[in-house]
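Read from first to last, the chains carry the letters A, B, C and D; within each, the first residue is number 1.
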Amino acid sequence: MKPEIGFIGLGAMGFPIAANLAAAGFPLMVWNRTASRAQPLGASGARIATSARDAARAGAVVITMVADDAALESLVLGDAAIARRLAPGGIHLSMSTVAPATIRKLAQVHREAGSILLAAPVFGRPDAAAAKKLWVCISGNAEAKQKVRPILDAIGQGVFDFGETAEAASVAKISGNFLIAAAMEAMGEAFAMAEKSGLDRAAVAAMLTQTLFACPVYQGYGKAIASRRHSPAGFSLPLGLKDVELVLRTAREVNAPMPTASLLRDRFVHALAMDRADMDWSAIALGARDDAGLKQE
Amino acid sequence: MKPEIGFIGLGAMGFPIAANLAAAGFPLMVWNRTASRAQPLGASGARIATSARDAARAGAVVITMVADDAALESLVLGDAAIARRLAPGGIHLSMSTVAPATIRKLAQVHREAGSILLAAPVFGRPDAAAAKKLWVCISGNAEAKQKVRPILDAIGQGVFDFGETAEAASVAKISGNFLIAAAMEAMGEAFAMAEKSGLDRAAVAAMLTQTLFACPVYQGYGKAIASRRHSPAGFSLPLGLKDVELVLRTAREVNAPMPTASLLRDRFVHALAMDRADMDWSAIALGARDDAGLKQE
Amino acid sequence: MKPEIGFIGLGAMGFPIAANLAAAGFPLMVWNRTASRAQPLGASGARIATSARDAARAGAVVITMVADDAALESLVLGDAAIARRLAPGGIHLSMSTVAPATIRKLAQVHREAGSILLAAPVFGRPDAAAAKKLWVCISGNAEAKQKVRPILDAIGQGVFDFGETAEAASVAKISGNFLIAAAMEAMGEAFAMAEKSGLDRAAVAAMLTQTLFACPVYQGYGKAIASRRHSPAGFSLPLGLKDVELVLRTAREVNAPMPTASLLRDRFVHALAMDRADMDWSAIALGARDDAGLKQE
Amino acid sequence: MKPEIGFIGLGAMGFPIAANLAAAGFPLMVWNRTASRAQPLGASGARIATSARDAARAGAVVITMVADDAALESLVLGDAAIARRLAPGGIHLSMSTVAPATIRKLAQVHREAGSILLAAPVFGRPDAAAAKKLWVCISGNAEAKQKVRPILDAIGQGVFDFGETAEAASVAKISGNFLIAAAMEAMGEAFAMAEKSGLDRAAVAAMLTQTLFACPVYQGYGKAIASRRHSPAGFSLPLGLKDVELVLRTAREVNAPMPTASLLRDRFVHALAMDRADMDWSAIALGARDDAGLKQE
């Protein structure tokens, strides 16, 4: 029989992942800050932990999928103390998108406590999570990675291993988000030039994403940016800014200038100045239209 | 029987296109500045024109695929006078990547001379041209576009129509080249951050181009940029700069700021300063490594 | 007695310079495209040339102060043919702000014709010209520079010699205009941050320009930018863009990336997109407020 | 008789300021983390506090001049608890360059404790401090500002009042540092273009700083940048980066994009990547030369 897994964080991403694990026959012990989110899983057989601390058991695996670095840090450094709770030998599989520096720091805390932290951030939105179509980046202790492999196979369509440095997968993950944002900005600029030159934005987007850029990122965001449909937010603009700032901070730590990331940061700040905080992060592409004096009627 | 087509410009792109037209049964009248390039086509049945002027016949179709705006202008405004030679009713199918402003100006010259200029720039490198896998963007007079459709079908895998404004296809074409350059720069930055963080560039490229960015541009250039293999040049760095400058100039005419294009221009200029003129345009991605203090051993 | 000087171009800058030369006792032979501009000088003793060609006499000095590169080129390469007219041994003192490449090319034309081109662009607005407070940058043939020295002393408060390379003074001149534009942009950004933080823009400008930046450029433009008073135009926005483009083009020729110049270019293009072509070039500083979502009521 | 002033932080800036206050007849109670720094002041009559806490007395004035935000925060929120120690009615005159957000937060802490925080950052290097040539920016409670006015008059050559919002002076201060850095970058770019065009960097710097930019910032840094003399560090490169990051963070809080600040940040990061951490912050100007492929022999 499969061993019980602790699962902390049942938000838009965490919930479908946990549900897939349950469906795959993994016994779960779930916890969420807003308790009601856990009910449906409880109804279908998962145990409900009484606290985050309770969800982490000695020698077991606990998965966390939380909002940001602060939330992750508090699970490890606060009362939940999951690094210590997992010892000896337990594995903390961290799926949140957080700063590599945070992973590095917390990995050390785990080591000292006698447990293991694996970074395992994922690519994919909630619908991809529900469809078991996530892509997982992973890094950390080799043996631990092998142990959690069946878990990852149950929730995604592929796993990419970035070696044993704790935070490597986290760097790979934010690299991906950066490339998406850069692509959105470039489309915003190209479509603004095309629009002011009298072309149909949608026709340009269609051509490019059926030919050179026939991949989901360009197709999905290209359509949104061409038609300027940025609501409802699939991934909110402030979260996008958070990720660009993670990139800049990480690049700063290793002394790597990233002018495109700097430009993106300015675009996100501009979008906030234009009251677009509730929009999808693709709304940064409106910046190029603003710059060109086009009204966002 | 199909009518004879004049074909001017048998360079790396023009030659395979002409060969495909010949193979498809179009009688050709070819001309190239360096005459020897025309011999193989002559050997397989094409007529060799005595001059560019000679290749353009009244009421016929002439295709041009030349190096730059100056070369195209000289065919129309110089001795060849192909706009006048084609009158009445001939069609000049211009496949070169040139400034939209050049097309606009030359289209007017054709109109006044009694002939028609169609912009029909293509996406694809020489190998794609040989394999009839080009993508064609077209714009201009509707009737003329219909007339040349069989020609386009014989050389590519798809045609995208951007309407009747003469230069529209040209805007679409340079938008595409801009997006490619922007993607290369973003990869250069991401991989530099990853490399300095201890990750394997190739692993990051492989992950991203098998998942979010599973399209040819990212796959081909991603591999080159990850491994820093920029020779031999598929598309040379100075030609890339030319295209980015076309974008900036076009955007300037319609008052659309494009900060990413400005950044790209700086990267190309840096690459020239580093003696990389002989490299592929993807070598602009080395700029991010230079910035990060990594040696290009 | 002083030798007669030809003077071509009696615009906002040229007229007061010519008037000062006349007042200093230099016999003048003046010409202006719009002839009426020459009348007041004629009234006070200057001879009126019948053409630009007529104003350039063999072995004499001719001063040109014209709008742009094209105007200067046409004086040399067109019917006026002043390089040839000045031969043998005459001196063309070019005071316009033009591309170094233009000076280089025209200097060669002069050499071949047997005359000498000196670049002598000036810093100062029309009021400074009237007050003999111009600063002159000069470069070219040493002997010729010595010969024209009394002329320069009669119109400005100082001369800076950049050696014998024909275009060197031109490079120095556009460097100065670039630094001014960069300072204006930086103030625009700083004041936007201060304003949104609740500070009084004028108080910030006053403090900075009485302390660290107690020099005319910051004081004059600082006040204008703080109070957002950009009309009437002392130096028009399109002329400012022209100069930034000269900088980028010159830097491009020597393969020197200038990211601040690229940013400035984008700001100028944005200003044009916002219909600010009639404003002073300091209006580029409004871009930072636009970016920050502040309304330009 | 003048009331005793507490003085915390006797570094390169704090020491000469304290010495000037002593010379002006203000009784001092000094404290420094490295106690030996306090000896010379003790020898000339100042009392040496036993702790930072000891230096802050009820109802008195305490001046702090410390390294960074963390140091300042620890004085207020840590064991020294100077906000509480000063109550009731004491004044904390904070002269360090710190984030406006830090001042805002600590001002609130003081209010709640019954004391007053005034932000009073200064412009000027240690030699200016010694010569009583500092410029002081001040903000906060009006009555308290009036009370400390004699103190400020004893250490500087001018005081600029930015109103009653606690952090306003801090915003003004970092605006100034930002403008200096922007000017240095612009000079770096202009001189690189000039150098590659064959001009003498020093000649260009001399001309510009005797004419348009005849103010200390341009003259001092212009000379250093033209001659590339960046050691020893008057103000170290990492401190410059700290200030640019304060600017970006402050601008971010009020949603004001600052592309020049973003560019500067990239330049500082590049300088660190090139092992220039020990140089003066003006060494960021080397970035433009690196970009242009010039060797920093």
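The definition used in the following text is that a residue touches a chain if its C-beta (ideal position, glycine included) is under 8 Å from a C-beta of that chain, and two chains touch if they have at least 3 such contacts.
Note that the structure is predicted; figures quoted are calculated from it, not measured.
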{"item": "Joint neighbours of chain D and chain C, given as chain labels", "value": "A, B"}
{"item": "Chain located farthest away, centre of chain D as origin (C-alpha)", "value": "B"}
{"item": "Interchain centroid distance [CA atoms averaged], chain A/chain D, Å", "value": "39"}
{"item": "Gap in Å, rounded to a whole number, between the CA centres of chain D and chain B", "value": "54"}
{"item": "Length of the line joining the C-alpha centres of chain A and chain B, rounded to whole Å", "value": "38"}
{"item": "Per-residue multi-chain contacts in chain C, two or more chains", "value": "251, 255-259, 263, 266, 270, 273, 291-293"}
{"item": "Complex interface listing, chain D residues touching chain C", "value": "100, 123, 135, 137, 158, 160, 162-163, 165, 167-168, 171-172, 175-176, 178-180, 182-183, 185-187, 189-194, 196-200, 203-204, 206-208, 210-218, 247, 250-251, 254-261, 263, 288, 291-293"}
{"item": "Chain C to chain B touching residues, read off their complex", "value": "251-252, 255-259, 262-263, 265-267, 269-270, 272-273"}
{"item": "Chain D-touching residues of chain B, taken from the complex the two chains share", "value": "259, 266, 270, 273-275, 290-293"}
